[in-house]
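Scrolling down, you'll hit the structures one after another.
Presented sequentially are two complexes of chain A, the first with chain B as partner and the second with chain C.
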Partner chain A sequence: MMSYPNLNALVWQHLFRNARRLQSVWKSGRPIVPNGNSFSTEAKEIAIPNYIPRGPTDILEALASTVKRDPTAPHYKFHDDPYLIPASNHAKRSYALAQEAGRKAANWIKQEHAELFQHRNAEPFIEAFSPAEKLAETTPMTEDLLKKYIHTSQVANAIHVYGKLDASALSPETRQSFLEFVAFYNEEDQLNEDFIEERWFKSGMKGKDQIRQTWKNNGLAETVFNSMERKTPEAYCALICGMARHGKAVGAWEYYNQMLAEGFTPNLTTYNSIFKIAGIVREDAEHQIILIDETLRSMVHAGIQPNVRTLNSILESISRIPIYRVAREKSLQVLSDFKTIGVKPSLGSYYFLLKIFCREKGPINNILVGIVNRLEYEMPPLQDLHDVAFFAEAMRVCNYHLEDVQLAKRLHDLLCLPQNQTLIGDSYKESIYYRCFLLLLTRAEGPEALMEMYRHLVPNIYTPEQNVFEAVVKSIAECSAVQYVPELWSDAVYMDMGERESILEVLLEALASGSGPDPKTVSDKDDVDPVLATARAIIAHVDNFLKVAEEKDRTTSLRWTGSMLGNLAKVFLQYGDVASANGIMIKVNTLKNQLSSFFPVATLNKFYESCIERQDSAMALMAIAYAVEMGYDESSSMAKQAREQLKLDERQQQKLNSILGSTSTTSEES
Partner chain B sequence: MATSIRNTKMLLRRAFSVKRNETLARNLCFTRTLNANEDQDDSKKVVAEKKNKAELREAKQKEAKAKLNMLLESMSKTTSKAFPSESTLSLATPKIRAKPAKPVKRTAVNTKIEPEMLQAVEDVSNMLSKEKEASKNSLIAKLEAVADESERARLEPFKPNKQKTEDLNSLLNTLKVDGKKPKNKPPAPKLAPVKVEDIYGAQPSGIFSKAHFKEESSAVSGLATWDMLYERELELAVTHPPANGFQQMIRWTKQGKVWQFPIDNEQGLDEEAQVGFHEHVFLEPHLKPWCPRRGPVRHFMELVVVGLSKNPYLTVAQKKEHINWFRDFFEAKRSILIDTGAIPDITTKSSPSIST
Partner chain C sequence: MLRLMAPSIASNVIVPQLRQFHASAVCCKLQSGRYKITPKRDRPLTYEMANPPYYIAHRKSWNSWDTTSLLDGQRAAETSVEDVFIHRFMTGTWHDLFCSEVIIKRQHNLIRIAGLIRQGLPARKMYFLIGYSEELLANWLQCPVKLELQTVENKETTIFKYI
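For the complex of A and B:
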């Protein structure tokens, strides 16, 4: 056997006359001209690698791993048609569910007109394409049918078949299996596996904190259990697990004691369920911890090795202890205990640790730093249903608890790894995650860094909610990074937020936060500054929207406000667009009392000054009229200025007098 | 002049952000490694500012100074009140590192201020030339006050104070800035953890110290269906809408809707897999028991067998059935065939095939 590799090489040489050359090509990837005398000594061995058995999806998985997420493209599920690319959250949801609805309709037709789909010309026959057998009165009810329904998780059908069958005639295994099945699903029919979008958008039910009792009292599970002549430990276990899973803690506890009294040993899953309900059956923290310790001891006594789900159940129970110190100490102790038997925490354990350590209004704790350090070193595999809740919770902690942007970025890098992307949970958790991330960035990052991440995430990976978008705009406004506002405005329109008053307010605030055109950059005459263009676009957009709403008799909450118009006027004055500024003043004068806030006096003054400068008495009078009407103190000085510096004709003089009315006369006299 | 005011405001903003994030304190005084470069920049800016300040008009300067002082005062007044020293969090309290007293070459004034900063102060006071010492001392005193203050603030758990923030905001807004505001925000708040909470920080209670677990304990009296359903649930929890075509194909493959890779055109033909290739192709043995060795019947049957051996659409059983049909047919027509001489009359010679 020792000479096996050499033999291999000899065979190789034998087979190919120019084996030397071939070999060197093979080894180095490029031909090497052999020199004659090294022929025999350099015959290297060829190691043929072992055959690796591949599963049917391995090749596809390898291919899929080469496709990276492209933030510039919409999600794969949306049609690759510019008209059908959704940007707002509402559109994303309805487009995806519309597609799912089509899938459902097709399923319905396949089911309703099963006779049309009976051809079997595919070989091998594809079960997934054939309509499911309908249960009719004539369908023979057999145990096999029941087993099949249990295996494919069709709860309603399984219950139906069980009802028709003679329970006592079933084999004990099938009855046990059915009991577990009913207890697990609590008799509720499950969503078809095919409806992947619906499951994605169903708001996060799995990670919910409150245990609500949903267990069906005296339901089928208990009936099946009672009908068993001989109660096996497995039957007890199934019932206890089911009750604990569906929030009937007291019932589970009773059956647990009953089981112990009968002298049975619970199994691992049952112990895990008991840990989960420890906080409910024992009121105060002290007794709860005693119960946990006792149960652990009895596990040790029975020789049952706890697993990671045991750890998570204990931590879940501890996370409900209101006293911070007790919860903290106990959880750390449990972790150390489990380390001694080699149970490593999963993401779910970390999720509960965050719940324990980083409470609202609690002291600040940086345990997440240590967790992220560990995760960067090694990512635990998926083991628990709570694992998928970790990332959203961790980002929440980063944002509200630690306010640590570096940590948030490290966490985000972890999530972005291809193998971790599925751990985000569902659409609800995903939106929590990105909301917290972006909110943190708006507070901690400068405009360049913020916009870089914003462009990466929005709109294809995440569509910001209204308050998040406002926070982004405000953060931009704070730094006067006015060059980003045009982009944000187009995004707002794209994401269906261009008609919301609060968004328009902050956008215009940001637009006016600049300091006018940069004198250094020499621009073409035809070239409109993007900021100015944005201001014009906003006016046109809002006016058009209001017009359409009026024409179609739609009620809308959008109104022009004084501050919006003020900011617009400020921008126009900054950029020397007098005509548009005049347009604003006319709008202000016509709307007057409909404006919900005042036109800011500073901008009014500026406008007035520019009127004086260019001797535009009509507009100046309009400004004065508004100032008087709003009762601004400046009105009298403005009027004075008008008399002195403007050339007013007779009609204008009269008009000025009529505007000022009594106020001016008194001020003149005094 | 405008720039100097802007610089003042920038300083104020920086100070303000420090209030929130406790960074400036470290920028100025503590972080040596991380922000050394930034500090240098900062100190340069300060120098520039001081230069400009000399050329300032009296009024503006006074106003700015008054505001800066007011701000610094308000900071020092409020911090001690606003942040109660009692803290439940023992962990977040850093150890106050005893600074090794680094003797600064020219001015061994104190150790709380970074050497770079001291250098900057030195430069500024050199510029002023007159009352050199006085200005230097006052600058250092100011810096020290800030350093002390931020040190104290750093040790307190941070709690934002709305009232104070408002005040600062209004104060900031009263300042007139002619030029553009600074485009960069202060660096990200780095609340560098002093001591990271370790998840294995506690002593184990030793509850498992003497435990002997059975090898297959998890398998004993397991709930098979329950576990299967849990696994299913777990898989569904990470099954999301496919993100690319390959993922979609993976899903379809798992549902049995498409061919599996690597492509095998005999996939799923389990019954046929039981039958060997030779049974399809070599059919002549089936003729042997009955067919005459020569003559037209033999010729015909050989053609039939060749045809069948090339037919991929029939199973072996069907092929045999086919052959047997001909056997029965020829058996039925036996007398006619003998009359026409298609098969030799072998009543005498007794052919082994057809008669048996």
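For the complex of A and C:
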């Protein structure tokens, strides 16, 4: 309680001081700003900045830009509870889609029992909460209903209503908007925009790269167009854009020519569509470029200012030209032309530039360095559908084309900016991006730097695929950075990869790549070295898995292999865990015919030497037995050593003889 | 006295019953939210159950958080009915999974529903139920609804004491 008066006094003092300063401002009638460094009497005019017009979402954007992706927490779409946090890629996908399936089920119930959802709680009422009206026989078909369906993009319903109405009685505007609507959606209902997960996991890249023809030939759009007595330029434009969008290039081209012949001027979107299909209507590169130039010229005549999408459409066409030199020259020329008329390229333009310049098996081109330089200076806003493809493609180029890890890191820093989070695209592009990034790091970085980035990305931002994880482990093994292997093993278990043979193989290889315990560090007796503990955990995990699989009659591809057991034995010998090493030897002897690879000779020798050291004849005999069975050359020298250095009793002598069989008896006689 | 006189009066006359004036002590029994001790002392209680209502705001807090009881608070009746609906919906949809009370928190037009659930379903099915409950309740109450669930291994982990 004592501190309150003091605090109050401080606050009052502060206020009073400020008030005095304010008073002086009022008195002079002119704002006085004290100099930052000293309280001199020099006064400066405050320059009031000009009013900046703000949009309705500017505050939201500013707030959003302060939120960064937290790598220590799962994505916000998942529930923040240990049981509900997904680890593997499969779990991430199925949990997100399961939640969406639940939402769909709820929506279905709302539709089925629409009569129960007629109450109006919300004020003002929100249309989305009420069930969609069903079309019944008794519903009066009006033009307004058609307009409403067009407005809310319900394609099937709109087509139904249009079918019932007398087309000639409709106003020209409605007919035009219906034509645009049908041509844009190609008479198909779209996936609801609310189902973001389904959109996210639908591989966006596949199929979109090549234009496939999905346009409905002689469909409703063409019927509507043909039924118009007077063909307006807008109607032509709608049809051409629709056809180009849905892969009917030849049809679009025909209508385009027809339109020009009638003396109409196409609009900007139509020109953009024509640029997009230029590569399809003209087979060879030369004619394609002529077509692009001609169309550009006609745009100039029509007085239409091209925009960034025009640029992207042209670059898209050029990126399909197979001849490297032609494509490169033309794209640079187009780019500089657009620069002179003040059209700045967007990320999509850069995406196509990368496709043009950095081709598989093409000469190496480091155009990406320039692009990243420019992006670091100024990031263009999202303007085109292809913008989101840039980062995945750029990282792919960094990995396979340039192999430049510094550039990749700069690119990643760009993506990590809060406002750029959305530019990653969809789940498919995201996985390409991170896969290329990690693969590049495994090749180019040392273990510390690699693990730092690995910890940042895995498992919340990205779950590595099997081959990427193997690459990480291999890179760790090459540097003998055995201290990271325990962490990688626990990650492998967490991400459901602990039962895969290839993963276990590389992990054990990495585990055995060390040089044993550091003699400098004095450890407690009860303190188990993490590497040793990992080796034991792997044995226990695999044995348990095999046991469960056997009990439940599950088929499993996982088997112990000789190299896996060899690496385990090596680790145990390094760390002086004799009991576990003996256990491995017994396992080798019982499984010897089932092992798919041989127990390595070097480890066998080491094990044998340790047996001799501690005078363990039983284990030594077991090692000799394995060596003889596998036909290792060392078996005879091992037997000799056994006779000389081990104290063998009568039975063991006999056993040794029986193991060695005829080969050793001959050597004994000689 | 009246009853004694009754037979002498005509049979179709209804005699008023006399009520005796009750003069015993007031029964100040408070029962709700309290649990009886069993002879074997084996009735499990959660923390919430172990604290009687007068500990609300001292040792435990409310199950519904809203502003209806403040000055000029609106929709008091509607809110209570909705809360009962939410409670029933949640315990029914998440059948035999809730290990705690359903906590309903309202902030602006947002309803957050919290609680402890048992890990009795695979995580995938839980996500289905999360999506389903959120969407259906949002459509019913016509405002955004969010679930904030925490899982526990089994119901026994929520036992605070036995009485």
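One rule holds for everything that comes next: the second predicted complex is superposed on the first by the 594 of 670 C-alpha atoms of A that agree within 3 Å, B and C clash if a C-alpha of one lies under 4 Å from a C-alpha of the other, contacts with A are read in each partner's own complex, and residues count from 1 in each chain.
Everything below uses one rule, namely that a residue touches a chain if its C-beta (ideal position, glycine included) is under 8 Å from a C-beta of that chain, and two chains touch if they have at least 3 such contacts.
If you're wondering where the values come from, they're calculated on a predicted model, not measured in any experiment.
In this overlay on chain A, chain B fits alongside chain C without clashing.
Of the two partner chains, chain B is the only one that A:L63 touches; chain C does not reach it. Of the two partner chains, chain C is the only one that A:G102 touches; chain B does not reach it.
Residue contacts after overlaying the shared chain place A:P233 against chain B, while chain C stays out of touching range. Looking at the shared chain after the overlay, A:I126 reaches both chain B and chain C. Across the overlaid complexes, the C-alpha centre of chain A sees chain B and chain C at an angle of 100°, to the nearest 10.
By the touch criterion defined above, A:S94 lies against chain C but remains apart from chain B after alignment on the C-alpha atoms of chain A. After overlaying the two complexes on the shared chain, residue contacts for A:S515 are found with chain B alone; chain C is out of touch. Least inter-chain distance for chain B and chain C in the combined superposition, rounded to the nearest angstrom, is 5, based on C-alpha atoms.
When both complexes are aligned on chain A by C-alpha atoms, chain A residues 96, 125-126, 129 touch chain B in the first and chain C in the second. Considering their complex, residues 109, 119, 123-136, 138-143, 147, 149-151 of chain C touch chain A. Interface of chain A with chain C (complex): residues 79, 81-84, 86, 91, 94-96, 98-103, 105-107, 109-110, 117, 119-122, 125-126, 129. Here chain B touches chain A in the complex through residues 87-89, 91-92, 157, 179-185, 188-191, 193, 196-214, 217-218, 220-230, 232-234, 236-250, 253-257, 260-262, 267-269, going by the rule given at the top. Interface residues of chain A facing chain B in the complex, by the touch rule stated above, are 54, 56-61, 63-64, 67, 69, 75-77, 96, 123-129, 150-151, 153, 176-177, 180-181, 183-185, 193-194, 196-197, 199-200, 206, 233-234, 237-238, 241, 265, 267-269, 293, 296-297, 300, 303-305, 307, 329, 332-333, 335-341, 345, 353, 357, 363-367, 369-371, 373-374, 382-385, 387-388, 402-406, 421-426, 444-448, 478-481, 513-515.
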